[in-house]
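Just passing along the structure, written as structure tokens.
Letters A, B, C and D name the chains as they come in the text, with residue numbers starting at 1 for each one.
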Amino acid sequence: MNSFGRLFRVSILGESHGTAIGVLIDGCPCGLPLKAEDFREDLARRRGGIQPGVTARQECDIPIFKSGLFKGKTSGAPLLIVFENADLDSSEYERLKDTPRPGHADYTARLKYGGFNDYRGGGHFSGRLTAGLVAAGVIAKKLMQPARVEAKLIQAGGSADIDSAVQKALQEGDSIGGLVECAAYNLPPGLGEPFFDSVESLLSHAAFSIPAIKGIEFGSGFNCTRMRGSEFNDAIIDPSGRTASNHSGGLNGGLTNGNPLVFRVAVRPTASIKKAQETVNLLSGEAVSITVQGRHDACLALRVSVVLEAVTAMVLTDLMLLEQKIPRVIR
Amino acid sequence: MNSFGRLFRVSILGESHGTAIGVLIDGCPCGLPLKAEDFREDLARRRGGIQPGVTARQECDIPIFKSGLFKGKTSGAPLLIVFENADLDSSEYERLKDTPRPGHADYTARLKYGGFNDYRGGGHFSGRLTAGLVAAGVIAKKLMQPARVEAKLIQAGGSADIDSAVQKALQEGDSIGGLVECAAYNLPPGLGEPFFDSVESLLSHAAFSIPAIKGIEFGSGFNCTRMRGSEFNDAIIDPSGRTASNHSGGLNGGLTNGNPLVFRVAVRPTASIKKAQETVNLLSGEAVSITVQGRHDACLALRVSVVLEAVTAMVLTDLMLLEQKIPRVIR
Amino acid sequence: MNSFGRLFRVSILGESHGTAIGVLIDGCPCGLPLKAEDFREDLARRRGGIQPGVTARQECDIPIFKSGLFKGKTSGAPLLIVFENADLDSSEYERLKDTPRPGHADYTARLKYGGFNDYRGGGHFSGRLTAGLVAAGVIAKKLMQPARVEAKLIQAGGSADIDSAVQKALQEGDSIGGLVECAAYNLPPGLGEPFFDSVESLLSHAAFSIPAIKGIEFGSGFNCTRMRGSEFNDAIIDPSGRTASNHSGGLNGGLTNGNPLVFRVAVRPTASIKKAQETVNLLSGEAVSITVQGRHDACLALRVSVVLEAVTAMVLTDLMLLEQKIPRVIR
Amino acid sequence: MNSFGRLFRVSILGESHGTAIGVLIDGCPCGLPLKAEDFREDLARRRGGIQPGVTARQECDIPIFKSGLFKGKTSGAPLLIVFENADLDSSEYERLKDTPRPGHADYTARLKYGGFNDYRGGGHFSGRLTAGLVAAGVIAKKLMQPARVEAKLIQAGGSADIDSAVQKALQEGDSIGGLVECAAYNLPPGLGEPFFDSVESLLSHAAFSIPAIKGIEFGSGFNCTRMRGSEFNDAIIDPSGRTASNHSGGLNGGLTNGNPLVFRVAVRPTASIKKAQETVNLLSGEAVSITVQGRHDACLALRVSVVLEAVTAMVLTDLMLLEQKIPRVIR
């Protein structure tokens, strides 16, 4: 399914080198004011054109509202937001058609779809589609107020000096991974459901929909495997549920406990690099060394923060609707 | 929702100190032979009664088939499997009713359900309910053959010498966390869906439904944040998609690539310990120090492996049904 | 799927001659008082033991709460309600195993499930399972108050003199169909969703889950095909949306309009009759004439009203939860 | 939800006087050839411009494929098909904004969406959106081959002489209802699920998503209420399940039985008529008589057949995918 969410349901669509990409949102409360300007900042953060280390592709990041908006406010009908694609040169991808790029979905998509998939620029698997997620996130962030969500890159290539790490990778024609931390504040306690729809379950489900994420941890996360219970358990210090520490990341039994919700995701290095890579020609079976032309992100993680904020806001908005903490009509 | 899965749909029910716990499975292909004996080994692994470091609660782990089985085979109708609870002493939980135990769902469940939740032994949030997951896993493992899944504890308290680590925690009346690794073999390539239903999304969703899991990573996971693309990308070495390394954990673009699927989960230390812990009385607002009586798991992670196998098998069976790799009628 | 509902989700399970039948309800608001006594009247209406024309099978209609109830109130966890089956003689069904009874699911279930289905007494397709629907309905009716739903049989065998029509059919060893009318009052306006989740869509989906229903019509229903627009359109007579007539059955654009919601269902004659019927032996291919032993309902429609009320209440409760007209915690 | 279907999932979007209307299809098997020409005939049947008695609105019925199509075949990614709206004069709707038209969704939508809904031409509730359903139906009809579906108008205003009935209504500035019959042939037996996802449940759910439908009946339908069991039950005459009669409409126990699937829907008279109608001004509370300008359908039922075929094909395709009767990759 290319859809996610129970009450605030987001569907994603489009291909990297197709006509357009977009997002369809069903269940958005009505009465919420929306204008293109509201999307500018987050879309710019995702595009990341100014930073070194991110791809220079000139994308058309102007959200076009095709439905669901009336007199500048959400009407309660499904919201379709489309981003038209610029006309792109696909010759590189025609050339690489039968030699799947390591680290990409080229091989797996070809198998799954019997070769009928759009292989140009990753097709429907392209990171380009995260523009749609960001757009949905902008709306979700407005709905969940005064609760809010913030993500930032805290390490690149294992270093906190992110700029130099990225610069070095760029010079080498290589790429590096990164660590992104996300936190949500002012959440009502009791969001989430036991077992299958724990907040961890829903957030990780959403987070792994972002291409390139390979790990997620809540609160102390993997460190907790080395901790004792007496150390890990967060002492409750007042009847509002405030805890002295926050090793659990604001979650107990899969439900928000009123403390900040904190988690981190591991972003692998960008798959596309300038260096030659080994693969096979799927028709001839021969080993080949390929080099992918064009400019690439040296550190995809630079652009992940805003997408992670977006999917986090989507999940939390959905849960707040379920708990009737967001009304169906915004006035 | 207490349900998960699209075609092989598992619903969980019951409370720790209630009448019973159980699992309802809708969409199980018909014709699959099932008998109580098939469940014995996995249920014993979950109960873990023999190992040091796990709770001695005498649970009734005999699966009772209430529906969906006819002449020893699945009939195509919903399968209800129930585990009756033994009669338990709940006085301890009545005593602690207004002083939520740190690290447990006591506080969050009380808030979410306005105090109407069954607070005895964690109620519906209890790890006891994972017996139902294990039962569903036994069925899923049979369906997915010859594909198979295996999980094992590889570290406890940060050490590979698991026995001594657990022994030490036991002696101190404390608990420790652990690291569990899971792998699946012989999977058809192309399982999973782009974006929201990536294999990572679905597996993490399912894995975080297991209480006490605080992190998950696929392939190189968090290590990838320190790697370069030239190092991380797995070179493809033959047209069947075999790769020279497996940093991606058998997944590209969210789809299985035919190599082993590998991931790890972080299990936090058991919340219940013998040591005194700080909390508040929710009625009076006073700080109190509580000690939880009874025997407890020193290392919950010892019992997680089989539950993780179970939810992994559930997800993979669901995806194999979607791709028509498992028939609806087993002959 | 044997489940229905988005927020108040009902799953049905069991077989006619198996151990038990039952219903699992996920998403029921917590704090609702429930006791076995609350179910008695509706279960008795479904059983219909006193009326002439309904089967004398002595069913065990005592609801057993296996989970989700704590101190007499719903706890917010999934509610499992089970009805144990009495020990039944299945020899008749073994005898008829290969000669599918006309009008029953014998033939279709055998094909769908490759012969693995429980064929005794209709197995999972039996009307016996509607006891679970009635139980879910009892809960939904409580939740939706002060809105309420009422259904009654208005014709049997085409006659409003229902008693004599049933008596006559009984004497002839035959069965008759009937017409049941259902109405819901005090509904908030605006329930339902455009297009796929119109109130008509959801109610008909739920109503046709009741075995034996062959038609449904809202408001003037099939009569509207013979009406003019000037006659059919309901004039709006005050700002609260009250209309002079109710040809639309309380629905416009798939949404409730505040007037009574009215619809009717057509119930076909009971499939099991005393008269001989023509079928084939599926193994030999020979035409055979079968007679089904035992007592049967002469008019199934006598028992449908309460089941129709139940599924109607389920749907309306679900929509009222979606519109936040029913809280998640009942106090 | 503006979505329907489990494996072949259709989402509908747009407004009558907005930018566009459209349909998003998720789960369409890949490899299916599609071109605009394939849609022409069914879209023309829906528009019905040539027949007397249907509205003369010049709609732009050219399907624009925004995603999911690659080299003329479905790629396995979500298919977005958009129909741009022509620029329309909305002044009439501004004028009627506070005086809800009888028989329309004006009043109910206003209440549900707190006045934020697009009220121009019915907005998201407009019959215009059925163009999206028809497009989805064209695709579903291709996928389900050699099974096929056919619907036709069999009565208008209660008469089989449809042309004269429509002509008469037109002359009077009034409208009439109609009866549409739909049949599906060559269906594999065993489609459908017991109880909640019976074929009747799913088809009626889909059918009532078509605006103006007020009733549905399968096989003998409402006539069965006047029949005896000995008359209604269809004698099985050979081991392939063929029956001597087809009172059940090709369905037993909610599953297809291999005989033609037959049902009928009641279409109410078009709500928009030339005659004056009574309503109230919602702001002032005053009774007012309104006349709706423009040309209107005298008999909406003329256009319903093709939409009914479409939603029927959607449902059957979904069930055939579930039963693995349609592959995921079309070759």
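By our rule, a residue touches a chain if its C-beta (ideal position, glycine included) is under 8 Å from a C-beta of that chain, and two chains touch if they have at least 3 such contacts.
The model shown is predicted, which means the values in this text are computed figures rather than measured ones.
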item: Comparison of A-D and B-D by number of C-beta pairs in contact, larger one; value: A-D
item: From chain A, the most remote chain by mean C-alpha position; value: C
item: Averaged-CA centre spacing for the pair chain D and chain C, given as whole angstrom; value: 26
item: Chain A-chain D separation of Cα centroids, rounded to whole Å; value: 37
item: Whole-Å gap separating chain B and chain D, where each centre is the average of the chain's CA atoms; value: 44
item: In chain A, residues with contacts to at least two other chains; value: 1-3, 6, 12, 77, 112-113, 124, 194, 323
item: Sites on chain D touched by chain C in the complex; value: 1-4, 6, 12, 100, 102-109, 111-113, 122, 124-125, 129, 155-158, 169, 172, 174-179, 189-190, 193-198, 200-202, 204-209, 211, 213-239, 241, 243-244, 247-249, 251-258, 266-273, 275, 277-280, 282, 285, 287, 301, 323
item: Residues of chain C defined as touching chain B within the complex; value: 1-3, 9, 11-15, 18-22, 24, 26-27, 30-31, 65-68, 70, 73-78, 80, 82, 112-114, 116-118, 123-124, 329, 331
item: Touching residues on chain D, where the partner in the complex is chain B; value: 6-7, 77, 194, 322-324, 327-328
